[in-house]
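After this come two complexes, each holding chain A, first together with chain B and then together with chain C.
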Partner chain A sequence: MADGDYKKVAYYPGCALEGSGHAYNASTKAVGKELGLDLVEIENWNCCGAMEVKNIDPKIQTYLSARNLSITEEMGFDTVMAPCNGCYHNLKKAEYDLSHDDASVEVNDRLSKKAGHKTYEPGKVETIHALDWIKKAVGEDEIRRRVKNSLNGIRVANYYGCMYTRPRHIFPEKDKGPGSESTAKPHFMDDILAAAGAQNVDFPLKTACCGGAHSLSDSDTSTKLVLNILTTAEACGADVIATECPTCHTGLEMHQIRAEKVLGRKTNVKILYFTQLLGMALGLSPNRVAVQENFSDARPLLKEKGLA
Partner chain B sequence: MPIHEKSLIRPENLVTHDHLVIDGMDVSGHWSTFIEGRSITDYNENLQEEIAALPGGENIHRCWQCGSCTNACTVNAINPEFNPRYWIYLIRLGMEDELLRDKDIIWQCVSCNKCTYACPRDVAPEGVMKATAHWLELKGHTPKSPSTIFDEGFSAQVFQRGKIEDGLVLRNFLQDTGQPLRQPWLETMILGLIRRFPVFYLIRLGLSTVFRPKTRGWGRARAAINEYVHEVEATNRKALGLDAKGAE
Partner chain C sequence: MTEGYRRSIEDIEDRTDQIAAAADADLAARAPALADELLAMGEDVLLAWLAAKGQTPTTATAEGFRLLALHRQAARGNPSFNACRETCREAVWHHNLIRLDPAGPDTARNIRLGAMVVRHLALFVGGKLESDGLGEFCCSSRPIRTAEPTPSTPQA
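Take a look at the complex of A and B:
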């Protein structure tokens, strides 16, 4: 299963990609289409529980995620791709809990039976992130061949956030040496964007936290955390912070504005989904990858760099 | 009783005599400063058990106080008072009163999982923080934190329809916490977006406030989840020796 070519996978967009993170959804689909990859959306999916339901009870979160995995299996897929870090994390967490925790298995079975669908059993579906998908289904060499509009000259800070690498134990395929992703120093996004021509800066806060879980409930803390990420990216010489998670992305954009309003600290670094950068490198127009939907307006920069 | 932590030497535990002569030696002022003797008798011997009974707190007994969690902590870096290692220590000793001194910041854990990543004993300190925040609320030591209000509003949408709608989450949260809907940063964000006029995106956002996203055939899942949630609430309250309903 892990050796699958990922050319045709089930697609789990999640709630954020239908709402505030729509640009990520649009750009992911556009990139997939351009690269000849097939995404089949999970029928009638539900919320994975995000970062909230686990605080009511973690086992409900496991059930919510397992339901999506169960539908994926019913649809005949053995791989599901989730671009949102939160969704990706939760599906992975459900997979882990259902293989290691009897109480989670019992609750999942009970709720699945009452809800009237098949109980998901671990090992049936592999969950991958959009980064795994591009990296394994296409790869850097193929990207280099297909670049029509190199990101040449754009300095990028690659920002992975928390949920893509932590906690380590729910990502058994990571930290497996050459070719695998690292939880301490992730590099899949760096690899992909470098192949698209970007100049990656040495960014020490790749897996720092943006305070996304408390973006609204503890805004001042989130603003401080985001401001630290923004100013560090600028100090590293980045024009753009590339993101791979709608919560991080929206958090960076929202608190960039909030830092200016509340703390009087203005930052100019632009925030773009990695799929938007990759899409433009492949020759898609900024509108096609929904750059106009971002709060942080990167269009002047893109024009200057010859991408728009 | 040994001094548990340097932080326990607080101004109110220090005694200084303005005029004091001992054996003809004048030790007035700071020469006579000493730390008041303390004997702790009010341990809550069930504290660790209570935290461990709540989701996330299960592994607290494994902690051997290496401090990796606090060292890795995102919130500690901006507020040194936020100290997961110390709170785990207090809980394990049953020093409830000391723990309660920090009751208003424990909920601020941002769930970045750096602690859980760093922990050599698989304590999962992130879970312990959530269990502790939950314990504080169930016991009535703190009102519901903004984080809990957010979690409950968000989860209610998931349980009800299977999906959430961003705009409604935001609006409900601002209302439930008594904040004005017109936030300056929010207005700037929205105005900036409108100026670029992404027509289809705006139409989508508009439509989703009317036709809320939902999962088809969610009814049975909703009933099953709601039943389970009530069960969990009752179990949690029972573990803390509280009656079936009404925390306050």
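Take a look at the complex of A and C:
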């Protein structure tokens, strides 16, 4: 059913986008609608296993992601878009493991038969991120043409987090030269937001760890890592940190508050999903892209910049 | 080039804080020395990790830098250590930027950002040393109980 240019793809929101990342879900759908792109949610999808299942039994995690890929295929799609870095990473990892690890193939086949659905075979479905989706289905030229409220004057530090590019071997389409994404210096979000008028700053921590996995088990480490990301973004001159992952986004927001409470370190940089920034550039209202749901209140800044 | 610096991770956090907070003129006046000090602190972070793991640190270089060789050594067999690969490369990049044009108009800014990058490396590795028993960071593919069988795989 997918036509090869990502205009109509299966959509895997994942658990976070139904909870803490609801604003990412709302803004992703709103941007897609505004750009004439069609997202069809996977029927009866399940959790990808996130970090937790993978840390206990990676083959179970592979099966959980393979089930979502199997349903995608059964719905007639050859492409699934996952906006969450964790979901994206796990679907990619399942694809890799099922292509390279016989034990994973065996467990996936056994559990798929037990669950009563078709066993997913690698190569049937391509997993893409929301950044791939916008970049390839629309592209910078079309974004420039469609911009109604330029992001001109907003200085953005683009933060990709760790799972969008790591480990490199599960992303064979990256690092393929011009036009492809880079694992060392990712730029798709920079490209998209620059096309929408933003001034991207040169941010040296764009793939640095935010301590997301240890937000609860070792909050102090996570708070210090996040605080360093926030202060570095401010030292780079950024007004906003743009995110493309609900875990990163929530971590930055929550630990920004915690850093002030626990460490007495206040930072002023705002945190927005790239889909929120892009949506406002396309003329959508801040409410339509759920800016009011963010803990980091960017509305005064957006008003100052003429976006609200 | 870097022997004799050996500082603890806590000392590195404090020192990078000092550098990041220093006045532009103070940073610019000592640019080459600060560039080397930051690189050395990055190496010390990785030396602390390797020492904790009982490994003898390499004296080799990768792409001309011991920091990158130490990172490769530390990441061998430890996938989540790749989460600081780009941080190490950014530390080298900032060292080169400062060294290339120590009298340039952006030198103080580059020193400050280089300090923040090294600080991130210290926080990440320090966090990993503390949390080793709690499991890996997000981008790792390694289960917590690598030494144990996986009894949880259900039988059909």
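The definition used in the following text is that the second predicted complex is superposed on the first by the 305 of 308 C-alpha atoms of A that agree within 3 Å, B and C clash if a C-alpha of one lies under 4 Å from a C-alpha of the other, contacts with A are read in each partner's own complex, and residues count from 1 in each chain.
Heads up, the rule we're going with is that a contact is a pair of C-beta atoms (placed from the backbone, for glycine too) under 8 Å apart; a residue touches a chain by one contact, two chains touch by 3 or more.
Because the structure is predicted, anything quoted here is derived from the model rather than measured.
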item: Three-chain arrangement built on chain A, chain B and chain C clash or fit; value: clash
item: Which superposed partner A:T231 touches (first chain B, second chain C, both, neither); value: second
item: Touching partner for A:K261 - first (chain B), second (chain C), both, neither; value: first
item: Touched partner set for A:I60, first chain B, second chain C, both or neither; value: both
item: Chain A residues touched - chain C or chain B, whichever exceeds; value: B
item: Touched partner set for A:C209, first chain B, second chain C, both or neither; value: both
item: First (chain B), second (chain C), both or neither touched by A:C15; value: first
item: Touched partner set for A:A157, first chain B, second chain C, both or neither; value: neither
item: Which superposed partner A:T247 touches (first chain B, second chain C, both, neither); value: second
item: First, second, both or neither for A:P167, with chain B first and chain C second; value: both
item: First, second, both or neither for A:K93, with chain B first and chain C second; value: second
item: Chain C collision site on chain B, chosen from 26-34, 152-160, 170-178 or 224-232, when both complexes are overlaid on chain A; value: 224-232
item: Where chain A meets both chain C and chain B, residue numbers; value: 51, 54-60, 107, 110-111, 114, 162-163, 166-168, 208-209, 211-214, 217-218, 221-222, 224-225
item: Contacting residues of chain A [partner chain B, same complex]; value: 15-16, 18-20, 22-23, 44-47, 49-60, 63-64, 67, 107, 110-111, 114-116, 162-163, 165-168, 183, 208-209, 211-214, 216-218, 221-222, 224-225, 253-254, 257-258, 261-262, 290, 292-293, 295, 297
item: Contact set on chain B toward chain A in their complex; value: 55-56, 74-75, 78, 108, 110-114, 116-117, 124, 127, 130, 134, 145-152, 154-155, 158, 162-167, 170, 173-174, 177, 184-185, 188-189, 192-193, 196-198, 201, 204-205, 208, 213, 215-218, 220-221, 223-225, 227-229, 232
item: Residues of chain C that touch chain A when the two form their complex; value: 20, 79, 82-84, 86-87, 89-90, 93-94, 109, 112-113, 116-117, 119-120, 123-124, 126-127, 130-131, 134-139, 141, 143-145, 150, 152-156
item: Contact footprint of chain C on chain A as seen in their complex; value: 51, 54-60, 86, 89, 93, 107, 110-111, 113-114, 162-163, 166-168, 184-185, 204-205, 207-209, 211-214, 217-218, 221-222, 224-225, 228-229, 231-232, 235-236, 247
